[in-house]
Amino acid sequence: MTDRFRNMLETFDNPYPKRDYTVEIVCPEFTSVCPKTGQPDFGTLTITYAPEAVCVELKSLKLYLQQFRNEGIYYENVTNRIADDLTAVLRPRRLTLTASFTPRGGISTTVTVRYPES
Amino acid sequence: MTDRFRNMLETFDNPYPKRDYTVEIVCPEFTSVCPKTGQPDFGTLTITYAPEAVCVELKSLKLYLQQFRNEGIYYENVTNRIADDLTAVLRPRRLTLTASFTPRGGISTTVTVRYPES
Amino acid sequence: MTDRFRNMLETFDNPYPKRDYTVEIVCPEFTSVCPKTGQPDFGTLTITYAPEAVCVELKSLKLYLQQFRNEGIYYENVTNRIADDLTAVLRPRRLTLTASFTPRGGISTTVTVRYPES
Amino acid sequence: MTDRFRNMLETFDNPYPKRDYTVEIVCPEFTSVCPKTGQPDFGTLTITYAPEAVCVELKSLKLYLQQFRNEGIYYENVTNRIADDLTAVLRPRRLTLTASFTPRGGISTTVTVRYPES
Amino acid sequence: MTDRFRNMLETFDNPYPKRDYTVEIVCPEFTSVCPKTGQPDFGTLTITYAPEAVCVELKSLKLYLQQFRNEGIYYENVTNRIADDLTAVLRPRRLTLTASFTPRGGISTTVTVRYPES
Amino acid sequence: MTDRFRNMLETFDNPYPKRDYTVEIVCPEFTSVCPKTGQPDFGTLTITYAPEAVCVELKSLKLYLQQFRNEGIYYENVTNRIADDLTAVLRPRRLTLTASFTPRGGISTTVTVRYPES
Amino acid sequence: MTDRFRNMLETFDNPYPKRDYTVEIVCPEFTSVCPKTGQPDFGTLTITYAPEAVCVELKSLKLYLQQFRNEGIYYENVTNRIADDLTAVLRPRRLTLTASFTPRGGISTTVTVRYPES
Amino acid sequence: MTDRFRNMLETFDNPYPKRDYTVEIVCPEFTSVCPKTGQPDFGTLTITYAPEAVCVELKSLKLYLQQFRNEGIYYENVTNRIADDLTAVLRPRRLTLTASFTPRGGISTTVTVRYPES
Amino acid sequence: MTDRFRNMLETFDNPYPKRDYTVEIVCPEFTSVCPKTGQPDFGTLTITYAPEAVCVELKSLKLYLQQFRNEGIYYENVTNRIADDLTAVLRPRRLTLTASFTPRGGISTTVTVRYPES
Amino acid sequence: MTDRFRNMLETFDNPYPKRDYTVEIVCPEFTSVCPKTGQPDFGTLTITYAPEAVCVELKSLKLYLQQFRNEGIYYENVTNRIADDLTAVLRPRRLTLTASFTPRGGISTTVTVRYPES
């Protein structure tokens, strides 16, 4: 069930599939909802990956991330779930996802997931 | 005795316990009291850890840190003590605690503790 | 009752009482307590005044502001109260007090009081 | 109809109603939806007002602003509408609302409304 | 002839035509061509206006500005021309256009046009 | 066909061919066109290389990059293509090309290519 | 004699001579020589003017400013002299010249000249 | 007695005595001693003046300010005293002196003196 | 003789002597005198050390550093000397001292000493 | 011939010759002339070295660098030449020279030379 938004992610053929290079995508407008309080959370996602056969299509990525707008989900959970979705669809050489959330109660949180785990 | 605030720290089950990932928590509103002068100290705590079985619950962390508000304790001592409490409760794969205190007499201090020691 | 900390403020003779000049004092370590939630608030106070007969003594100002550390009081109230205390003790030509509080629920607040009102 | 969220705004008695002073509130987590494209918009609202009989209660302001989360509305419209709601409920001496929206198509927009108009 | 791109600018009805308020639009991706050297120029346009009957539609503004991409025109000329086009189409209460161009030969230039002239 | 602009790149003899040193070139005025939407893209290219027999002549590099001004090409493709052209002409000891593009739909992208792949 | 570089300044016809608008030119690469010590001075010149009949041509301005490269002249003198030259050649509606010099002996200096004097 | 360092200040003839222009001098390396605690104070002095017949010679200004290095004197006193010395020696059209001191006890202070008083 | 200020440095028992952790101390108000010109030098000292049996007491460190206020000594010499004093008194696991001096003649200098040498 | 300015560089005995430590010198006021266009180039030189028997005397370094003020020389050439001169005179344990030049034609360049080559 955690992968129900996954099929929104579209890809296109990597134009240089033989080369090991890096794409970094920064999404400062991520928002979801805290499952405990019902209050919205706001954060910046940074995706860094080395494409293998395919690259992620940016408009589909934007629409995929918008699905979380009214989704109740914890920081640690949403970050791992998006990393799982991206890794499953892109099958990248490697991928890092960093999610930095704005302060709540004077405390701000950043979650980082790496694939493969180093 | 150094662990008398420790039981305020609550945890929740790590949703991805098999993955080695990182959570960074920044608390810029830490304050305690200098045991020598009785004057308040102010600092920013940065906690970076890789959860094992559990994650720290943020609201309990906030309340735990507020216990030091009127506690007389030196920089080096409070930083090590909080690191001990977090490590005992979270049993993390690894944890770093950095405490940056605002200037006193034109001198500012930062204490950093790592677990396990590298 | 609102002036019970006021007598902690000490002054010294203005060395140039005939000249209209300005003193700005910035106190980034102000903290009080929210009377509704019991949670601590944090802010930066900026005092700008033109002394008449006396100047405020800085150490007494620091100790005066520390009295609010465990005081339950709203933003609008504490700012006006401190402005009242400073104006009563210093009898300045003019004074502006700006209090900027750190974010709560993603919202940050700044209160500004001027004497005399322009 | 433009005022259907208005009754969510709560107030409390201005503790210093006779003094002309200023409150600035910054809300960097505002989000609504573009009525043309259905895409989310993101912006920072800055409210500056001089209270008369009442002050705005911050938690109610947060919840009021969250009502726009899934509302389809243009920049110029939402800024004027919020200014209208705040002015109607607070009846302030004066109020300025500035809404700065993040870039779309390489273009960023800021709308500013003042009450009374100068 | 200077107004041949002007008809690309579209407008929509000002939702609050009776109120004197301000819209600021920043376009950091402006580019045209130096008529003397044939080299591309790059700059940031900032449009600040108070709408009367209509507001400028942002997508049409973007497309209008893109017309200058391969146009050979001097700094002073292009800034005045765009100000003329915007003023003719919007008939605003007032408008300021600031064009900041990136350095050439170690010298950077900013041109500012105001309507009406103050 | 991807190398049709390549012959615009000129070189001059490396004055210190026996030394392994580094040249970094930053080009903040790169612009091309999105092949899908026809909209212009804007970015900053950073070229870091260790010259072998020759160095790149800066004016020819500027003119070469200007060829992409009206070229419809994706981020991943243009970055790899420019890296290929530079590597073919310069035959450097090593080269890194980083292309950072401005936000589209609230998302910004950076592509990095290294030669030889590490 | 103070105007011996003046005839290097070239102008072109103001394309909008009837409008009162502003041109700001920043030259961060100004250098001259201290007449007392023989050491080079470095500064940033900012020229802001409202053109009347003519505008200054930027390349000629650059070459004019380069004449001071080996000229021994004090800060106050060179700033006033350049302001005189620009005012004599441009006959502007108004002009401000600000020259900010880098620190010497831990002291930095900025000289500002306005025409006409306000 | 307050003027015993004054005669160290040297001047030179204003090269443009008929013009009303401005010189700003920033001295970030000012240090004196607190007369109460004997601890050193550190600050940045900013002098802005419009010269009449003479300008201040910068090296003499540096040496004059160094006299305060081991002088026990309060913030408000030293700022007014330096302003008096500069005004007496330069007889300027107008002068502003701003002295910003680094934090002590978490509190920083800036004193500003203007001549003539506005 | 180089160690004549050394006995001013006081220590206290390291509260966690078995743990390898780090303390960073920043002192932006260091000043000494150039032995060649007699002019004051200004710099920022950054001390980073891992305590063994003892920690440095901050007030004694402040007083120790103030001893150099009127001491004529070169950059390279004073940095190594302070590093020697700290290492002799603290007997730390490791220590780094970085001294950054403000510009002289447009040139700024930073000296870094590590113990043990890596 | 490339070493004709070299003998201007003076040294003094390293006060701690047995210790491996580092000196960083930043010179933001470097200027030379482009041999192709005759236009002045501006840059910042950063020298980082570990002294062996001698240290570089800063005033002689300043005068040495001023020799390039009217010298026509390319970026790659001047950086390697200064690195050669410094290495020949200082015989350091290691040295890095980084030269960052300001933009020309929208392109900025940085050249880095290391000794010994790693």
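Annotations
In this document, chain identifiers A, B, C, D, E, F, G, H, I and J correspond to the written order of the chains, with residue numbering beginning at 1 in each.
Heads up, the rule we're going with is that contacts are C-beta pairs under 8 Å (C-beta built on N, C-alpha and C of every residue); 3 or more make two chains touch, one makes a residue touch a chain.
Since this is a predicted model, take the numbers as computed values, not measurements.
Using CA-based centroids throughout, the chain positioned farthest away from chain C is F. Rounded to whole angstrom units, the spacing between the C-alpha centres of chain A and chain H is 56. Centre to centre, using the average C-alpha position, chain F and chain J are separated by 28 Å.
In this assembly, the C-alpha centroid of chain D lies 45 Å from the C-alpha centroid of chain F.
Counting only residues that touch two or more partner chains, chain G has 28-29, 39, 42, 102, 104-106.
Contact between chains, per the stated criterion, is found for A-B, A-C, A-D, A-F, B-C, B-H, B-I, C-D, C-H, D-E, D-F, E-F, E-G, E-J, F-J, G-H, G-I, G-J, H-I, I-J.
Residues of chain H touching chain I in their complex: 28-29, 31, 39-40, 42, 66, 69-70, 102. Across the interface of their complex, chain B is touched by residues 74-77, 79-80, 104-114, 117 of chain A. Across the interface of their complex, chain A is touched by residues 39, 42, 102-106 of chain C. Residues of chain G touching chain E in their complex: 12, 14-16, 19-29, 51, 55, 58-59, 61-62.
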